[in-house]
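The structures come next, written out as structure tokens.
What follows is chain A paired twice: with chain B in the first complex and chain C in the second.
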Partner chain A sequence: MQELEVRGKLRDWIAKHAKKPLTAEFGDETPVLELGILSSLDVVEFVLFIEDLRGGDVDADDIGPDAFTNINTLYSAFFARS
Partner chain B sequence: MQPQSRSLRSGFLRSLERFPERPALQLANEILSYRQLFARASRLASTLSRHAAAAEPALTGVFAHRSVTAYAAVLAGLLRGHGYVPFNPNFPTDRTRSMLVRSDCRSVIVDAHGARQLAEVLAGAGNGLLLLLPEQDDVTALAAHWPQHRFLGARDLLDAGPPARAEIDPGGIAYLLFTSGSTGQPKGVMVAHRNVTHFVDAMVERYAVTEHDRFSQTFDLTFDLSAFDMFVAWERGACLCCPTQSQKLFPGRYIADCGITIWFSVPSTAVLMGRLHMLKPGKYPGLRYSLFCGEALPVEVMRTWGAAAPNSILENLYGPTELTIACTLYRWDPARSPGESEQGVVPIGEAYPGMRILVTDERQEEVAIGEVGELLMTGPQLTPGYYRDPGRTAAAFVTPPGHGEVYYRTGDRVRRPRPGQPLVYLGRVDNQIKIQGYRVELGEIEAILRQEAGVEVAVAIGWPVTASGADGIVGFLGTEAADTEAIRRRVISRLPPYMHPSEIRLVGEWPLNANGKIDRKALRATLSVDNRTQR
Partner chain C sequence: METATELATRLTGASRRKAWDVYSAFNWTASLEAGRWCMPPELISIYGTPAYEALGDEQKKRLSLFEIGNFFSLVLQGERPLVQGLVHRLYLNSSSREITEYLHHFVDEENKHMVMFGEFCNRYIGKVYPEKKIALAREYAKGEEEVAFFCKVMVVEELGDFYNVLIERDERVAPLVRELNRVHHIDEARHLAFGRLHLAELSARYLFEWPAETLAGFGAWLVEYLRASWGDYYNPTMYRDAGLADAYEVRQMAFAHPACAAHRQRASAKLVKYFVKTGLLAEEPLL
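Now for the complex of A and B:
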């Protein structure tokens, strides 16, 4: 899967699950946790989604606030290195 | 110095003398020593006491959430000789207003979270409140908008006074907590100082708490289990580590980063962590104790948590707010416990020191050993009842025939244990429903659903609802994908016809109530919204 496609899917997932409507400025650097867009249950679902997308388990040590800051950090934590 | 009668603040004040420079509270990047936290609390307390009306109920409201102000405010209430009343900025404002009005508390400390909701809560909340917003410099706009209340801000804060010395009645309210009532009207549970100090004493001794311990705080102040974390930690000079919003999302990282030694959460948190691969073997060697309370604890959670926290003792705590935080406990033993568990749920064990158990039938007569009945308890943790609500107090706090003292009816079903055996939780009395006239324990169906589907959490709901109970059962499984028809066939083969689920649904994301427990009402609501599917 191409990088743009992955980023697009991550973005779609966040838009679908966001607790508040995303503004037009929502981008790959928008802080998703800080804005309270996702809840703790969302994180579980999101991790399962990411695992589906990359076709394998993610390392629990990578599941932290740093990786889940925004789409850029998500991409580099779970997709850029394999 | 004259020895004072024990109250909920005593432990903190003693730790303030013994360990003034040790951390009492860690929150985000801020660490407050006992001396610093006391100073914050003391300023709030003296400011309120200076401005408060002479005749107010001895209750101080805390409208704050996971902030230094929240914890300083709890202590400030206690320093004033008051009980504290927590209000939660994450609750619907209607509910908060109703709690505020019913509590009749006149002084409320508000942090930035609470301030954002203040206008909505105050609309229709009566007159004459004294509102202290220590994080806000300028409160003139608020004061102009709400002339019927008085506002104090950061500029009005007085200096800290010396530790409080006034005597406190051990039977007075230490905290007033609202729990959801079945009628929809929240009930205010009065918990007395002597109730909590008895509980705290039992806990610090059992867990040999020292000033080096670091306690989790997964619970909001409106959930009484939060009082365990605060007051057991502060009794012995330990540190309370309150997670930030993002730390709460990643509990595994929070345990490691904060060096938690005593973990306490609802079992659902552990289930979530398992799904996030956060319970790998050996992951949390620093945990000394892992405590769970608030819901039925699945055996499977103990296995995975025990492996992840190899140096930790695992305990299941049980108790309603009315019996002060927790009143029975059970220590998990990997060899013995699976055999003592029933329906895949860990036993709730034995009564706390001084607490006594009665297992009764509908007439509150004790059932025979081995029989199932409602759990009643009494002892030093028995709270005085519901605030200004003698009717509901009398219904729940009863004197069983032939007994000379008041017991609290928990509404929970247990088996009366043989000597030496642990108590086993079998579900709510009101989870026992009539289906086509048969008495059905939903917990039994849930246990079989869990086993046959291989999931940790399953819920059975009586549906569709009828005047006498329900016509059938719908099962919910906590998983994204499963062959529901195959599972249903296996479940059916193990249950009598009237207990057969007519349908099994998958739930990726459980609806949770404000305290993080599975919200059965919300599940039932999904059934009433959807058109009934056939089968």
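Now for the complex of A and C:
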């Protein structure tokens, strides 16, 4: 899957599960947890979606909360290395 | 009415009378009895859905092995932070000596549960399913972190106990699986008695001090935590290991299916009523 497609799918998932409507400024640098767009408990569901997208399990022991800062960090942590 | 300190004294006595050795309590056979269920079919996470009906008898029984492995794993994973939190609360000035004494037993018993669940999972499914929850730092109101900790204790233990009781009684299930559930239930009955009373005392102490906004926010978090905890029961990796295709889609379908939602409501009823009664939830949520 191409990088742009992955980023698009991550964005769509966030939009679908957002606690508040995304503004026009929402982008790959927007902090999703800090702004309350997603909660820490959404992360559990998000991890399962990411596992499905990358076709392999995520080891939560290896992933820190920083990975969920924004779409850029998500892509780096889960897709850039695979 | 009995206080948590008085109850702790009574439970300490019961824990000492019923003490057991996890390393000699079970007959760990090389393999589980062939042809037996490992989880009652009605408790399998996708029971009542077309995905379940499409499976043959052997596939359903194979799925039941991974379902019990997932169940034991999620209880084990819930007990890890529980033990950390309990150890942190030993010998606090704010806790009575009797409570600390009982917490030692609580920790000891939870440790034994992790040993037996870990042994089962490693031996029969080759792994313990990992935790997916990621803890994020946040700010708490006075007493909120303490209340949240014991809410988490109640969620992992009450939901687990609902399954323990039904599995323990079910003669279709492999004897070793029933025995693990029986042993767990006996210890958990004491932990739950303590947890219910202690959390009720904490709630009575702190909730009236919180601004309405804090209490509403806490209730919203608790509902979300309950839903996330239920999410652990629908593990795509478990479906994949059992040989089901499109594991993530199976999870999404099952979580949204009315039969599964009805099961979650039933299994959570006692816990949710308790949360409403203590004022932690304003109303019974849909799970």
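The criterion applied here is as follows: the second predicted complex is superposed on the first by the 80 of 82 C-alpha atoms of A that agree within 3 Å, B and C clash if a C-alpha of one lies under 4 Å from a C-alpha of the other, contacts with A are read in each partner's own complex, and residues count from 1 in each chain.
Everything that follows uses one rule, which is that contacts are C-beta pairs under 8 Å (C-beta built on N, C-alpha and C of every residue); 3 or more make two chains touch, one makes a residue touch a chain.
Worth saying up front: this structure is predicted, and the values here are computed from it rather than measured.
**Student:** Applying the document's definition of touch, where does A:Gly36 land relative to chain B and chain C: first, second, both, or neither?
**Tutor:** The first partner, chain B, only.
**Student:** Tell me the contact category for A:Ala24 with respect to chain B and chain C: first, second, both or neither.
**Tutor:** neither
**Student:** So, does A:Pro65 touch the first partner chain B, the second partner chain C, both, or neither?
**Tutor:** It touches chain B and chain C both.
**Student:** Would you sort A:Leu4 into first (chain B), second (chain C), both or neither based on which partner it touches?
**Tutor:** Once the two structures are laid over each other on A, A:Leu4 reaches no partner at all.
**Student:** Applying the touch criterion given at the start, work out whether A:Asp57 contacts chain B, chain C, both or neither, answering first, second, both or neither.
**Tutor:** The answer is both, since A:Asp57 touches chain B and chain C.
**Student:** Under the contact definition given at the top, report the residues of chain A touching chain B in one complex and chain C in the other.
**Tutor:** Residues 33, 39-41, 43-45, 47-48, 57-60, 63-65, 68, which sit in both footprints.
**Student:** Along chain B, where are the residues that touch chain A in the complex?
**Tutor:** Residues 245-250, 252-253, 272, 275-278, 280, 283, 480, 508-510, 512 of chain B touch chain A in their complex.
**Student:** Which bits of chain C are touching chain A when the two form their complex?
**Tutor:** 130-138, 221, 224-225, 227-228, 231-232, 236-237, 247-248, 251
**Student:** Please output the residues of chain A touching chain B within their complex, sorted ascending.
**Tutor:** That would be residues 33-34, 36, 38-45, 47-48, 57-60, 63-65, 68 of chain A.
**Student:** Which residues of chain A touch chain C in the complex?
**Tutor:** 33, 39-41, 43-45, 47-49, 51-52, 57-61, 63-65, 68
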